[in-house]
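Scroll down for the structure; my scribbles are underneath it.
Each chain carries a letter (A, B, C, D and E) given by its place in the written order, and its residues are counted from 1.
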């Protein structure tokens, strides 16, 4: 069980015209782990996320996802909303909340998106619809509690501060009841004390909710504190893979990414 | 620009004079192909009675108005704020009350009662007829388009197509078209209602599925194209639709079950009640939808399609759904028109018509069901009023000059429409303070 | 060089800055610290005319620029690297650089070459559309673009946001070089430690007010700053 | 119950229904001033035992608005008859109402053949012949008189134009010509939405087809554009069109003007009539535009005068509007009237009398000259 | 059946070149009008629905000016060239002027209030109603013809298609103006300013671009081209208050076809649309020209969702 793979990425290559964003990338993600992807800007980290979630379609290679049901499915060629329904949730590098909706509504949309559409049900509001709606409401409140936004549930999402928006995004993603959560630079633009809170939150997501985490982050302190394993991308290729200690000591990684002064890990 | 014009007060006076000159021109006599200058010279030379007192050349009237209005504007600039604050503080409480849910329901119920009693008070047969074909039908169309444009944020410029589908479906199943009805059975238009609504919704799915992948203005032009294509087919497929002559054989509604016999004849009131019933039905259905999961999903897609998709919402499916649901009320409107006028003919289903409906929706307040209804009722009533009882001094053929001006002024002073939707208003508020974006139309494809 | 006194900025009904005062002298690097939503970005937007204050004054080189329009600021010698980089997405890297010199006359190819020297990655991507660059590439482009107008005062809004550690180093190094080349820098940063190490002075902002100011060295050891902005005393 | 005028005479209203706003407004305006003129003239003689007044019902040419306006007209307590409706579609939708209220409607322009079929003592009448009459005569003119062997028939997709063109095409085939038909929808310049460039292409194709004759079913506005394109493409054959194109505005609107030269035009039952002389100047004073350009002005003038003449015949001092309405239908059917468009009388189905002649005219040096009749 | 096709295609071969030439001529007019849409769309991201009336005003201006100048004379030779130039100029000036007025009255106040995009659409529709109905009222609702500036005649022929002088005038004047504009926008500061405002107005102002001025200039240029196009169009099709609607609609289609926001795309889209319409007369049927035109549009958009030359970005995440 521990070693069951959630994502098995085999030799994917993603090109945009002449630009090769991902070059023969392979990656394995196990259920229950916190895995980080690091690498210089433009290395292809976000592109990898987009490939895993169905936003981009790599031209070569295979991505296998073990769905909630336990079935293995191939992600490539699948639309983003389908991938989501298989238990993959994500946040975005630049936060993308629904600003005109309240915090609560944002999460609720996540909570109910996987139910069938059922126009009639939505209009007539039979007992099943109402029951489903109550469930979504409870989940939404629960999640807002979980990320510490309960008191701001009825504020417009656009009025939230930057840090709160990131939390909201996490809550909204969790509302889809994912098995794996992909976080794209969740700590960018937050100050050190907020980063600490965020570290706690992410760990809690894994420990209490049992959601595996795939993390992109440039803040080494946060990454090293959280990640159990790391992949390092550079120019679209994986240049290293291993535990934080191994990565910290890896010459290629230091040269390409961390820089000489980085061993202290502060930033 | 000359320096003196840069002086604010002078510049303002100059703009005002220009505006007044346009007013003189619009209200003045017309020119013609023979003497195109007659309109201009008449607009300033012709004598008019000034405030009913004595005749003066219009140029004098023009100058007098300019000065008077300039003076009034100056007054407003110095005291207006106080006045506005005063008015606001007066309306604050009533507005807060009006926003309460129970009050809203009360208002809705009152409106239904008023709607039901209206034919008792509006006895003028013109208005009784117009209430069906020119107001209620437009309300239905505005309601449907509001789902598409307001809820789902899709700019549809070919909405008239669904109205046409409804009307022609009615003609078809009642046996009025050259195309024989299914199984050769000539149905009563009553049975056409579900069929027409179904066919309109089907048309929504068929037109929507290939096109709704497109964004913003690309969608607008493609829907416009589809509207035009449907028009051309209807106009030219003589053997199926009767071509440009259409068909004058569509029967009236009738009921004939056992002892109950009733034929909707020429009198408009029965049609009015039937249509009103459906208006209420659609209003209820659409507002339930708006506040359901479906409505929230539409909002999410409108706000950020990529994010919505990442949450498992299939944008295409919801967009097609909006298209198809919006088409339902338009399809029904088509049934009413065909059955009441006994007549279908392509000349109604033009692109101009689509644009008019869009105007109603946005004028009323995009995304707001009350707005769609109010917009349609107000604009249609005003134009019908002007067509029916042209006020003194007004030249009926100038109707669209005034309507055009009204649209501009309205959008300047109340861009979110007469009865803006709350959700939409928030979005507009965000856009006003520089955050976020309003519609795909504005953001296009730029990430 | 730059002096702001009692500036108040509102977003509709919300007051974001409640009367802030500060100054920047020629040749320094001054940094503005503050939590999320403190009003740092708003301050910078005010300084480049994007959002005029409703009260207070801004003087630059002794001139009152409180009501000056955004597009006139570059001619005055102020250049702004906005939050989120704001690269023109459908212009190539080179065209973005050209935009930076919009107000200048004469040849700019030399300057472009100089930017390519400072940011070699941009040279590699010169024909690529700005919108397709990675975050770090965009940030470098944004700084380079701002430098194209030969500013005397450079406003930087969180230049290290989302950048890899090595690039962050590089950016801070470049900021130092920019100052050494004679451009005054006003820097907004979440990365307080590095910002303070580079800066001469700093202001700390909370909820739309400047709460205290000091030299950078002193702020680095100030317990209040250490607790909140350096994340240490937890 | 007719209200009493100042001189103790009752006042009756003659309605006009047609487009006064919207994209077809000009056509309606042309007519409405002619109706007004006829009424003014009638009142001015002071010889009538009643006063007349005009009421206008703007239907925008639309079949969805015309029922409301018909209702409005019907319930006008002094209204005795209606000139119009102007458009065939609008007429089709409004007629059930007028018919139920026994109101005579005399249309100056609704020529669709379908409008007059079947009904006896029809309340709907028209002072222009149905398209079937005109179309048959046109086909004969082209094939027999002008010896056209290969005819190209074009229509504008409108109720009127397509109907007329269809008659011409089928009659010409019967007479032994080879016929090619095509539709070019009305352009945006003329109230439709198609683009004018379609005519460039159409003209090229017609020239290439080698057709020696061309018939256009549609209105002058589009026909003028079409002529311009035919000229540019170097078409040399015979060109003909029907009453919808019979307007001096055609000549003025064709560029270059030479393109309209030698074009044949037909109109049934009215000659190439326009208001002339004193009538023309009176019209101009009312309308602010000249009568010469005003298609259907003369027909409207005649329609109004026919109603007045019939009213004069049946009016008794005790007449009520209620009795006058059906009376007028019968009286109009009995009437033979000499108007500016010719001598007019109606068949039982509302069409002009069978002996109706179709007048032909030709554009010669920028003027439309009558060249005889069928 | 086979016979039908062979004979049909025989005539088609005869018609192809003439139709192509005629289609190109109307294509040039579409292109010029399409540029007005594309430019305004570029900077404001909105469909300028009033562009049809900007076009119409150019037609009337050239009409009145040329009537006054030409009178009853029959110009020829150099005179003709001069008069065509004058017509283009009059159309351009009026079109530009009305465009700037529309911006001032119907758009700028909304921009100040950051109105939602669809509010602009309605305000533009309002301006359009207002302007064309006012023109109808003032100038009458019938046709005007422009005075004859030159005698139309075949000038030369290619592949059996005789090329009329009118087509040459349209193509010549159109091509000259399009090339000029392309140079200006690609190379000049103004052009760069327009593109910058189009992509990110606020950041453009940080670069020193005066947004208001750029927008006014955009309207001016687009309006001028549209007005000039109206004159060229009017030579064959006359001038009437409703003349703007369809050319504008088609031009907008052309702009989208070519990739809205892209100037060369607008030119390409215009020419393509003109040719497609022209050829579909022979290959399909006159009644279905628009069906063909819009089907081509849909087909293109399904394969290239941002038009032929539309710049493309992957979906940002």
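In this section, a residue touches a chain if its C-beta (ideal position, glycine included) is under 8 Å from a C-beta of that chain, and two chains touch if they have at least 3 such contacts.
Because the structure is a prediction, the values reported are computed rather than measured.
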Chains contacting each of chain B and chain C, listed by label:
A, E
Between chain C and chain E, the fewest steps along chains that touch one another:
1
Averaging the CA atoms per chain, pick out the one whose centre lands closest to the mean of every protein CA shown.
B
For this structure, which two chains share the highest number of contact pairs?
B-E
Per mean C-alpha coordinates, the chain lying farthest from chain C is D
Rounded to the nearest Å, the gap separating the Cα centres of chain A and chain D is 72
Distance between chain centroids, defined by C-alpha means - chain B, chain D (Å)
33
Where chain A and chain E are represented by their mean Cα positions, the distance between them in whole Å:
48
At least two partner chains per residue is the criterion; list those residues in chain D.
23, 25, 29, 157, 183, 185, 192-193, 249, 252, 289, 293
Shared-interface residues of chain A (touching two or more other chains) are 16, 46, 53, 55, 92-93
Could you list the positions in chain B whose residues touch two or more of the other chains?
30-34, 228, 232, 235-236, 306, 310, 351, 397, 399-400, 424, 427, 432, 434, 446-447
Of all residues in chain C, those that touch chain E in their complex
48-50, 69-75, 79-80, 82, 86, 88-91, 95, 98-100, 102-103, 129, 131-132, 145, 149
Give the list of chain E residues in touch with chain C in this complex.
189, 192-193, 195-196, 199-200, 202-211, 311, 313-314, 316
Within their complex, state which residues of chain B touch chain D.
29-34, 38, 124-130, 133-134, 137, 228, 232, 235-236, 243-246, 248, 266, 268, 337, 340-343, 345, 347-348, 350-352, 384, 387-388, 396-397, 399-400
In the complex of these two chains, what residues of chain E are touching chain B?
41, 45-47, 64, 105-106, 109-110, 113-123, 125-131, 133-134, 136-140, 142-144, 199, 202, 249, 252-253, 256, 260-261, 287-288, 290-291, 293-295, 297-298, 301-302, 305-307, 310, 312-313, 315-317
For a test of understanding, state which residues of chain D touch chain B in their complex under the given definition.
20-23, 25, 29, 56, 58, 60-65, 67-69, 71-72, 74-75, 89, 92-93, 96-97, 100, 112, 114, 157-159, 161-163, 183, 185, 192-193, 249, 252, 287-290, 293
